[in-house]
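Note that the chains take the letters A, B, C and D in the order they are written out, and that residue 1 is the start of every chain.
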């Protein structure tokens, strides 16, 4: 019993990590309206920005967060200019291939610039764990896991608030739903989309710091596996819905850990993808209500 | 321009025969088997990209998991020839059919899905196939893969040299082109294209889009399986890392760079990409940087690909103003 | 018009590529005014890009510096050595293509590499057909050397490493009775785990679980929870690189201080650096001994030139060049052929940086001593005990 | 026009108590309709009356929430568009849905889909069936283009044609199905008066050639001059069905179209 509960807790924490990266992903997809394969590399850029900040100015988390937000924000801007802006009216596969190309570009440039080896990130945040005793079960939670979990909840609530209530957020949503209509009511579509995309990327960068601290390392190739999981979580949540994407991430994390509990860790991805495919077959738009993503759905690939 | 086109049309047969003669005699010209291997790689990727083009280019579905079907073909061939001693010539069509069956099974649930959701399911399928290949050790050899896949034997001659194997791969590609061009000229091909262009209209004309989409998927998967089966003995061993998503993405890049929705496009794409990545090998990381830059530049300059027509739905094309005016004036 | 532009564009592209081909010839060595009898070309296969890039770059560096050293000292048997290192990407298909390329080039006398067992095994068929030596610094597959007379490796059989760890480390040193194995799902770990498990059975050590995980696994909390619920005396980690430290750190972060033994990464500085709590043991056939001056100088130079710490893999790569030099010297005045080099390598012996190397008839080497190493609080590896043993006892 | 013998003609398409609700919205409420062979049947109504929705129910795009659609007495409600097309019911779209990047000829060729039976095997080996089919398609599509007067544009991309001609291509494509009943969704939308006139002539020609035609239209004049029977919808409900003269005279229709005030004054 204790074992099962601990595994569920593990699943939730793992899911929280997926959720964290999925949130940034769904902001980007929501605002730009196109799917991206560069996101994992953006996360990696954020992690490296933090790594070099720690190297240069010492363990200053605030500075590191600023640095990686800025770095990812800028790279996000480049991605926007290169891969999206020109292709808003083109078939989707064109910008998709562009993002694949850009991801290859960043991955290899990173290996040239940062070197191919894995860099250690340790002792940034104290490695502590808490043991809770309840109903005769002892549950072990790491401090970092709690941090990630809290951050996911705060950011999904805050971002939802930003999108629902603020003027800027409403403009972002308008752009994400119908670019032509948004243009007609006087929204600067290109700039809004670009800033929205960059915010999503910046958020991905910050997620990158947490990831690298959580796993004590960063490497130029760290992005690809996370980007697949972010992509899965986001698809599960209906691509554009931030809270649903976070929920999707949590679900994938829990399902994976349940799967590992009954079989082997080698099947991790089979559980994740299998679950996702089954959900999509039952409900073709993921968790989100089907009306919400008509736009994404109806666009021809 | 028109003149050139007319000449080509006029001497079509001549050009085809000349091209065939060059292709058949190529191994005599290229003596080094290293270069022949590159030529063989081009042929393999050309066929794989073409099979993807069937799905992406002709029926407008967005499949990202072609590596999965490729893997099914390759593993079927590897397992049956190595562990069960079947002849390659028997296994070959079997592998194609098994991949086609997979394609059919994947197409069933995806009929309800559109756009990126469909892409995702194909992508997930490809990953699942790869992980199964990686973990099902008793059958697929797990991480060790399957080694020593026997080379096909024809008239008592073992085809282990790239110079000989070239003909198998060439035959596959030509057979593919022959059959596919015939299908595209029939109502089946037209139905696929009509689904790509305007699926609602196609339905209103009685085109059963579910049936044709899944037929399209099955057909595309069949050829991916066929070339997969031909690929396994060529490289002599298979392991799961050969069928990662990157393989699928490479095929996609070839299709798009060459030109979606044209028969020649994926072939041009695979020539360009293979020659590029092979010849820049000495640049190490920089060659991928250059490869990536070329993909992006290509999408900027010629989104329809080298061979694609600019006025096609696949290029996001707009109807050309000039020709439109002409039509209007002619109508009056 | 547009079509013509496109055609021209693609033509220029293809042409520029061929021009690029033409420039491919790169010469990396300078003649120090010395007279050589001739040049011996060597092909090098290393994963310079891809997930093993770190090791591949180390290979390239070690090979090239060793060859420069040899050439500066008058060459091997009066011949100048030249190496052409190609990037196999850690991809077996690429590796076979490159191996064919080398094998077809009659000037290439020997192939050094590749890094991973998968690539090496894939190349076996080709080198056998063309009769050229494939000399891998790190291939650990137990079947590799037996598969062809042209295959050589100086990694040492991993089976011995596993058996050693079971008998001397778990059994004698730690006195554990139950173990859980965590390992990466690859052929190497498969080959290492098997003899380990067998030896455990002989020593009366109980294996509670043998858990595999994917190669690019990042989050180990679930398998650690699983392992912890079984409460073993010792945790065995069969993997290389960062995964090892990641597993240890994940154990520590939930406060589980079980003794851990790693087989595979040996005394990797990277692993030591990344440990939060310095609690890890490893059997090592090789140890960066600060007292060995030549080795230490080499290590310092490596770090200066590449910007990161060498692993034992690079040291092994260096030794392959010197073994090759020795083999060429054995030929003496005879003609340098591929076959002659194979004969020169056959059953040869040498004192290298990695200790005494003695090839067995298969072309592999057997270790006769291992160091039990542990990480100190200063993130340095220390030798706890040197154990000499007779491989026959397993 | 043909109203005298209309009652004798057999019933072709019939709607019985058809309802369609989108959530709480009642788009179509209890509509009946009877179309007989040889009709030029008009469906009119103000904007948002549910004409196109009703059309979409008839052609299978939506399944009705309640009620039956009978074609030759057989219930076709809930069938897919492609199944309904196979029952020889062809349609055009309000917003033209041509295969814009294909030639006019190819557009029509795709229309021949259900009248051919080439299978993969036939296509690959170019069997008799394939040859017969291709010959049929070639002849049939050129024939239709000639009839419609588009043969000189056969090789042109359909999207390059002017609006009026695009409508014609859409109709030509529908005719290639060899339909018994042809449903035209606002065929005159966006046409100038000249083009509208031509279209009217064309529709009457088709009718004489034996096609039963259903037209949705805004243009009252167009409907009154071309149809022999009219269904009037408003707010998803049928308010009247009858001959053009009766429709003109009907009070409810006038109220729906012109508002109460104007009628009272007039």
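Convention: a residue touches a chain if its C-beta (ideal position, glycine included) is under 8 Å from a C-beta of that chain, and two chains touch if they have at least 3 such contacts.
All values derive from a computational prediction rather than experimental measurement.
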- Chain with the smallest distance from its CA centroid to the overall CA centroid? B
- Note on the structure: Comparing B-D with B-C, the one with more C-beta contacts is B-D
- Item | Chain centre separation (subunit B, subunit D; CA means) in Å | 41
- For subunit C paired with subunit D, centre-to-centre distance based on mean C-alpha positions, whole Å: 74
- Return the distance between the CA-based centres of subunit A and subunit C, expressed in whole Å. 36
- Message: If a residue has to touch 2 or more other chains to count, which residues of subunit C qualify?
- Response: 49, 185, 214
- Query: Can you list the residues of subunit B that touch 2 or more other chains?
  - Reply: 131, 134-135, 285, 288, 313
- Note on the structure: subunit D residues touching 2+ other chains are none
- Item | Every chain pair in contact, whichever chains are involved | A-B, A-C, B-C, B-D
- Task: Could you pull out which subunit C residues touch subunit A in their complex?
- Result: 49, 51, 53-54, 57, 185, 211-214, 216-219, 221-223, 225-226, 229, 241-242, 245-246, 249, 252-255, 270, 273-277, 307-308
- Message: Touching residues of subunit A toward subunit B in the complex: what are they?
- Response: 35, 82-83, 86-87, 89-98, 100-105, 107-109, 111-112, 228, 231-232, 235, 239, 264, 266-267, 269-270, 273-274, 276-277, 280-281, 284-286, 296-301
- Can you name the residues of subunit B that touch subunit A in the complex? 56, 60-62, 109, 112-121, 124-125, 127-128, 131-132, 134-135, 249, 252-253, 256, 260, 285-286, 288-289, 291-293, 295-296, 299-300, 303, 313-316
- Could you pull out which subunit C residues touch subunit B in their complex? 1-4, 6-7, 9-10, 13-14, 17-18, 20-21, 24, 26, 48-49, 86-87, 91-93, 96-97, 100-101, 104, 118, 121-122, 125, 129, 185-187, 190, 214
- Item | subunit B to subunit D touching residues, read off their complex | 179, 182-183, 185-191, 193-194, 197-198, 200-209, 215, 219, 311-313, 317, 319-320, 323-324, 326-328, 330-331
